[in-house]
Amino acid sequence: MKKDKKVTNSNSIFTLKNIIIVICLIIGYFILTFLAEGDFLSRQSKSLIVPMGINIILAVSLSLTVGFLGELSLGHAGFMAIGGYTGALITLHMDLPKGLEFTLALIAGGIMAAILGFLIGLPVLRLKGDYLAIVTLAFGEIIRSVLTSLKITGGAQGLTKIPRYSNYTWVYIVMILTVVLISNFVKSRHGRAIISVRENYIAAESIGIKVSKYKVMAFVIAAFFAGVAGVFYGHNLSILKPGDFDYNKSIEILVIVVLGGMGNIKGSIIAAIALTFLPEMLRSVDEFRTLLYAVVLIAMMLFRSSGFRTKLEESGKLPKFMKPNMKRVK
Amino acid sequence: MGSILEQLINGLRSGSIYALIALGYTMVYGIAKMINFAHGDIIMVGAYALYVLVALLNVPAIAAVVLTIIICGVLGIVIEKVAYKPLRKAPALSVLITAIGMSFFLQSVALLIFKPNPIAFKSIINVNSVRIGGITISGISLVTFIITFICMIGLTYFINKTKTGSAMKALSEDKAAAELMGINVNRTISITFAIGSALAAVAGILFVCQYQSIQPTLGALPGIKAFVAAVLGGIGSIPGAMIGGLALGLIESISKAYISSQLSDAIVFGVLVVVLLVKPSGLLGKNRIEKV
Amino acid sequence: MALLEVKNLGISFGGLRAVDDVNLSIEEGQLYGLIGPNGAGKTTVFNLLTGVYQPTTGTIKINGENVVGKSPSEICQAGIARTFQNIRLFKKMTVLDNVKTAFHNEIRYNLVTSFLRLPKYFKLEKEMTEKAMEILKVFNLEGEANYLASNLPYGKQRKLEIARALATNPKLLLLDEPAAGMNPNETAELMDTIRLVRDRYRITILLIEHDMKLVSGICEKILVLNFGTELASGTPDVVLNNPEVITAYLGE
């Protein structure tokens, strides 16, 4: 019975569920407009709407590597930087209509980051586990030092007077696109191949999956969206400094993915929203923020492998968004 | 001519510190098969501990050094018990993330207590510089060389000649077999963390006496560079960590002097990437075949 | 021409000669057994055949094509599929998805189709699901299709591994101790399934097994390994009564 329903359900994109989702998204946009334009939120909170969208894009893209591929990438901020600088250089030096220019910047930023992801990924992804993590960290730092020493990127002072093109409409649209594209991807043959590499790479090879190809693919796609997020980032703050994209920034994104349940797209979105607003709501922000991140990382990992979690899971009391996002037993 | 020799001495000095830190990485990796990301931050804890003892509590220098080493050693044991031990059977990814969390935790606690601004610290090492031929070797360099040398000799003796040292070697070869042979795994792991952290404390003391300034993030960069040194030498290999540390210090100081000081970090990380791609087992490491 | 032709196969780990001068010729449709005491090098032979290890000497030909030097995924595409002694399922995937993943090279659509869910996506996913369910039915696993693989009992996990290997549409299927850990009833059932699979999918099977009842019950030919070299080969009744084989198994 269940099986039949599934087959008829998944024949096309025009299902009832999808139509409802589209309606919800449109309503979501109106709510967002109301929040951003109205007097309901404080100035402070309003300024967090764009960063929230950026964080969602970053977290969803990183969860492709950390959650679905199962490899720790500590250089996500590096890809973000490449995208940010590429996009900013385009809008600073070109003289096109705003919409066209920004679209071009977003695409170019993504593509540059993806190219770099490919160039780095090709040799590096022969490694795995601890080594891979540390090499991505090294590459992130290399990108940062190169940006600091180049003239075109403005050295340590960075780029200034970048047009403030990022607004909630743009971010909302691109964020939705990112989430939809990546969710589709992980439920396709390519996505399954990536998950199978995480689950057991020897078995994956034995059924004809080219492990390195899919590692690079996950890495490149994640880099692309990180690059896009970087473009938004630069066009939101209007300035870009190499120091913005250090190791700590990569960890910040990792914290979101970890809190979201690693490999769970919905969880990543919720965690991105929470971790954008929560630290700002606490007083004396910066001192407690890193402490919060540290506690999240350690507690989530201890919780994941504790008997407590298994008990909750068996009794069905574990909140849904905390489970890894495989096709769940229905 | 004199300047290149001075660069080499500078390189050997920072290389000695990297080597001391790298020993901790490599010992922990050999035994617990994990990268202890928080290891670099132990240096920072050591630096603050020394500052509190010497500058605030007026403890005599020698006693302060001993206490600092003890504090870091105990901290190493506690970190392992609290954060890593429950995850021994968990996937490597979880352990790695926990270690990163622990590193962040130590930094943020230091940030809360001591605030982000650097604190000036007057060196406790007051040794006159020595002139040999045309070059001057500063007192701190001299002390760094001597202390590093003593630590390495001591550690080599400990690993090769004591019962606990043999237990460590056995554990890094084959954990299950070592356990069957009656080796107390928990105790040996604790001792490993304690020794690694004590060496990091020594490195931290030498580091602050050199730079005379303390801040919460001070351990992060030397920590990562020392990790590069451990990989360069072959992770899991103790002589490898020593050689790797010294080599990395030399590479760094030469690229700072003759290429670009901005790019020296990039060059150091470039070394890591090249080593991992060309010879992932490092200079002195062993290749391992995965069983199917 | 034989389907699988192995000549002079050998591998050394350091100074240890784990497999030495093994020759194997398997005809199409044959059910072939590979036996030998623990540590005889049986699994190593499987790892050599599937490209997990690279042989130091020798050739491996499938349908006349030499596959030495190819990666495991290329060898899978050349028509060799396998199961593992220590089960290697995709544990956090459903039973159905385990099998669907194995259709990776059989049923293809491109990246754009994945990202945008073009009509082809739905068509081919449906085809994959149907084909996967068909295979699961052979192994009586269709009822557990939406379970996570890790939630299956041990015996069914072994079956799922065979199902997953079959989904790659192999010419030759290598089974590494398929009956390990099964009780006599389960083993008997497994024997039927293996025969059924061979006849229904017209494939050739090479299996490693310690259960002599299973081996003599279904294998048409047997190769015995001891210390990495061939000890005997031939039909089950000849080989299993060979005094050397008995000594190797039971000791002097």
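Going by the order they are written in, the chains are A, B and C; count residues from 1 in each one.
Basically, a contact is a pair of C-beta atoms (placed from the backbone, for glycine too) under 8 Å apart; a residue touches a chain by one contact, two chains touch by 3 or more.
The structure displayed is predicted, hence computed values, not measured ones.
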Taking each chain's centre as the mean of its C-alpha atoms, which one ends up farthest from the centre of subunit C?
B
When you take the mean of every protein CA atom shown, which chain's own CA mean is nearest to it?
A
Whole-Å gap separating subunit A and subunit B, where each centre is the average of the chain's CA atoms:
33
Using mean CA coordinates as chain centres, what's the gap between subunit B and subunit C in Å?
47
Inter-centroid spacing, subunit C versus subunit A (mean Cα positions, whole Å)
39
Of all the residues in subunit A, which ones touch at least 2 other chains?
202
Mark out which residues of subunit C touch at least two other chains, giving numbers and ranges.
52, 84
Which residues does subunit B have that touch at least 2 chains other than itself?
292
Sites on subunit C touched by subunit A in the complex:
50, 52, 71-73, 76-77, 81-82, 84, 88-94, 97, 100-105, 107-109, 111, 113-117, 119, 121-122, 125-126, 128-130, 133, 145-148, 151, 164-165, 167-168
Subunit B partner, complex, touching residues on subunit A are 66, 70-72, 74, 123-124, 126-127, 129-131, 133-135, 137-139, 141-142, 145-146, 148-149, 202, 247, 251, 254, 258, 287-288, 290-291, 293-298, 300-302, 304-306
Applying the document's contact rule, which stretches of subunit A touch subunit C when the two form their complex?
2-3, 6-7, 10-13, 181, 184-185, 188-193, 195-196, 199-200, 202-211, 324, 326-327, 329-330
Of all residues in subunit B, which touch subunit A in the complex?
34-35, 83, 86-87, 89-98, 100-105, 107-109, 111-112, 220, 224, 227-228, 231, 260, 262-263, 265-266, 269-270, 272-273, 276-277, 280, 290, 292
